[in-house]
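Two complexes, one shared chain (subunit A), two partners (subunit B, subunit C).
For the complex of A and B:
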């Protein structure tokens, strides 16, 4: 039985080396602009960085994927098309994309370039996935975080391309690539600019012993004294639902929590999943090294027929809590 | 192409009698050209409307409306998938695809593309035109410059472009039901609590500022998108379809007001001012003006 492939994030060359050294099978990264969905200041790779990353990774038999997974801007397709051309020229192993127009461009211009469908395309059913395969020759789909493990198993029984699923890190409770919440509050969106709840629209405000965090002028959370304050990602905030219902504020969409599906490795294998993905291109190299190492250890154990070890990743999770997210039905 | 008015599908969980009466009145009184019907938010609600669907379609058609059927926004489970396939195969009229799966099944026959499918640029619009799209309703978050490029490309391709000009903007869809969650329930045992909120459940910040609207698995804006004042500019760009998204209010009056703007009988800004008083939400147009969607730009 083939082991899962472990797909790991890198926002910097140092993080890439950390991921490779810790046991990644492939590292995914983005160019330093709006063509990728983690377009944060100080993050991502120049063309030369990517060339160096490919050299480093390939020398160690690790693959490099480039995410070009925002939606190209109308009337300005150039930067996205150039990103695809450069990824092909730099001999990366795959590009991860979401936009049909850009996929068509890549398929036509670079027939040998391996195409993966980004989670940002939110292809959640057999018909949608077959469309991307038939139209563009997509070889692998990264599944949106809306499916249960039984959903994934049924899907894999009917499609003949590989599936990759997120197993660790940040968790969108909304279908990816179909969310304009950040855009509504700030004008900047994952689909257009590659940012969600951007830092330049965040303010913190001390209110006596409490700390309020706002995004685009909307209060996302208020932390009481002694409560650990977190970053105001819109869908992880506390809100009041219902007019005058008397209910207090609650994490209406999702708690500040991290996905950790390590315990589900046997189920995901039985469901026919090919690759496991770790989220977190915005994370530092120490975090990347620790998470990748833990998952590599778990995968080796699992491949050898031993039980999946219980590795403590508590220090690595947002808000100190973990979830298996949409993989289990009760999450819904 | 002559500019026309579209009434989008009812997104909220209204009792079936209210739903049927709503469409009867639309058929008799609303000056809209196309009416899109179907439960797009939650497959669990669909059976309630199924019994009235045939009657509603017939009534609207008899009144001279063009009726399109809308496919579900999120299709993951087997039940959702078979509902999507049944809709596409029913051959009951033109289908508006709201998911790439439906788009796949509609290849080669005329169809419409709904606003929850990501059409952000002319390359994607062209690809959809080749596959049989005759009309594309653009995502709410697109700014004017993008709308202009797409409208122009659409005219060259023979694809009509549509922009939502009234109603809360759809912002997100999830496998999780936030209505159920807010009531301490799961989606599987939701007790259809979304039915208590005919205009969606208000979501306010901890400081009491109205912010969003929850409609089951869908999250919408609190502000009501209104582009009445921008309509002359949209027409000049080549946008030919204008979508009104139903709210729990007098939609006939809304349709009459937008028709008057489209016909050049009334000023868009004046209509916006008048309609603003008839919904308990601020009017917003920030997305179009390339800023936060929650804002209103004068």
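For the complex of A and C:
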């Protein structure tokens, strides 16, 4: 039985070293621009950083994947195509992409470059995945976080490319790559500019003992005294549904919980999953070291046939609660 | 690297707490040198940090001109950091006239020990923020840029760096660090044998030495005096 691969995030060179040292099989990262879906201030890698990262990781038999997973803007393909060319030149082990035009470019210009389909493509059915395989030679698909474990098992029974699933971190409950909530509030989107709820539109305000988070001038949430705070991602805000209904604000889309599927390793293995992905390129290296170390320990126990230990990652999660997300419930 | 889920020994934690207290006391003294001398001292510290962490400091200089107030809520002094081409650091008495906050584009507030852990990359800033141990206001993008830039360095050792500009103290620090844990363990064991009034008196003196404001002494570790 092949072991799971553990795919870990890095937003900075120090985070990459932390992930490698803590037991990653592969580290995924992005260039310092809008070509990736974590285009945050002070985050990401210059070309030289990527060259150094590849050297560091390969010396330790760890792979490096580059996410080029936003959608190029009409008339401005240059940055995306250059990102693909540079990733190939820097000898990364795979690129993670969503846009069909860019996949076609990569497949044609760099036939030896391994292509992974980003979660941003939201490929959630057999026909879509086969199309990406046949048309571009995609070797692995990162599945959207809206499938149950039985869904994943059925999918894997019918496709012949690898699947990678998220096991830890922030949850995106939307059809990824198609969400326009952030664009609506700020004019910037995760799909084009690589920023969901961009920081330059975020403000935190004390309102008495409460903490209000706002995005583009809209109040997204108000956290009572002592309540866990969260980032003002629109799908995790509290809103009043139906003016005049008399109901107070509530979570309409998703509560600010974090995914943790560590208890589902046997089910994910039985469902034919090849790789497990940790979310959080925007998080600090202390988070990455702690989460990767915990998952490495869990995977070693699982591979050896021992019970998966309960490792407390509560201190790391947004919203202070953890969930197995859609894996164990039908999506609504 | 350290995080909340990785237990360090009580001895190591006690030594870190002691070191944190001392560095906070040292910071408290900086404005007392007078504006010119304290600015010169902090400029020297920045130059030293820039030599040791060139990637981060180049990135800080490339940011747009802006000011971040770093305000430890349990120390008498706050730091105003100017990022951009005119990178600089100033120490201000906390809460004296509100000048620091008025001059800042963004503010980060939290207990001194947490801010030090954060600046040194020992702890995850998001997790601290989610738990409300850290408060931020103003330009969120600026704070993120600063956090991400500093976090992109391998763990910093600001206490050692700060001490290294203080001449002979630099040579004493490694010895102090090696011995602080065991020595503090022995002091703690002896302290438990003291009568309560004497114990409380010693704690008051300790609070004065480490510069903690009244009523804001950090929580005690298991096994420390009541």
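Following the convention adopted for this analysis, the second predicted complex is superposed on the first by the 327 of 332 C-alpha atoms of A that agree within 3 Å, B and C clash if a C-alpha of one lies under 4 Å from a C-alpha of the other, contacts with A are read in each partner's own complex, and residues count from 1 in each chain.
Everything below uses one rule, namely that contacts are C-beta pairs under 8 Å (C-beta built on N, C-alpha and C of every residue); 3 or more make two chains touch, one makes a residue touch a chain.
Keep in mind it's a predicted model, so treat the numbers as computed, not measured.
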After lining both complexes up on subunit A, report clash or fit for subunit B versus subunit C. fit
So, A:260: does it touch subunit B (first), subunit C (second), both, or neither? neither
Identify the partner contact of A:197: answer first if only subunit B is touched, second if only subunit C is, both if each is, neither if none is. neither
May I ask for the angle at the C-alpha centre of subunit A between those of subunit B and subunit C, rounded to a multiple of 10 degrees? 130
Give one of first, second, both or neither to describe whether A:290 is in contact with subunit B, with subunit C, with both, or with none. second
Touch check for A:205: first (subunit B), second (subunit C), both, or neither? second
In the overlay, work out which of subunit B or subunit C sits against more residues of subunit A. B
Looking at A:233, would you say it contacts subunit B, subunit C, both, or neither? Reply first, second, both or neither. neither
Figure out whether A:69 sits in contact with subunit B (first) or subunit C (second), or with both, or with neither. neither
Contact-wise, after the overlay, does A:17 reach subunit B, subunit C, both or neither (first, second, both, neither)? second
Once both structures are superposed, the least CA distance from subunit B to subunit C in Å comes to 18
From the superposed pair, tell me which subunit A residues show up as contacts to subunit B and also as contacts to subunit C. none
Within their complex, subunit A touches subunit B through residues 71-75, 77, 98-102, 104-105, 121-128, 130-132, 135, 144-148, 151, 154, 173-175, 177-181, 183-187, 189, 191-192, 212, 216, 218-222, 235, 238-243, 247, 249-250, 252-254, 326, 329-332
Subunit A partner, complex, touching residues on subunit C are 1-6, 55, 59, 121-127, 129-132, 135-142, 144-149, 151-155
Residues on subunit B engaged by subunit A in the complex (per definition of touch): 73-78, 80-81, 84-85, 99-105, 107, 116, 118, 120-128, 139-142, 145-146, 149-150, 153, 169, 171-178, 181-182, 186-188, 197, 201-209, 211-212, 214, 219, 221, 286-287, 290-294
Where on subunit A does subunit C make contact in their complex? 11-15, 17-18, 40-43, 198-200, 202-206, 211, 223, 226-231, 282-287, 289-290, 294, 311-313, 315-320
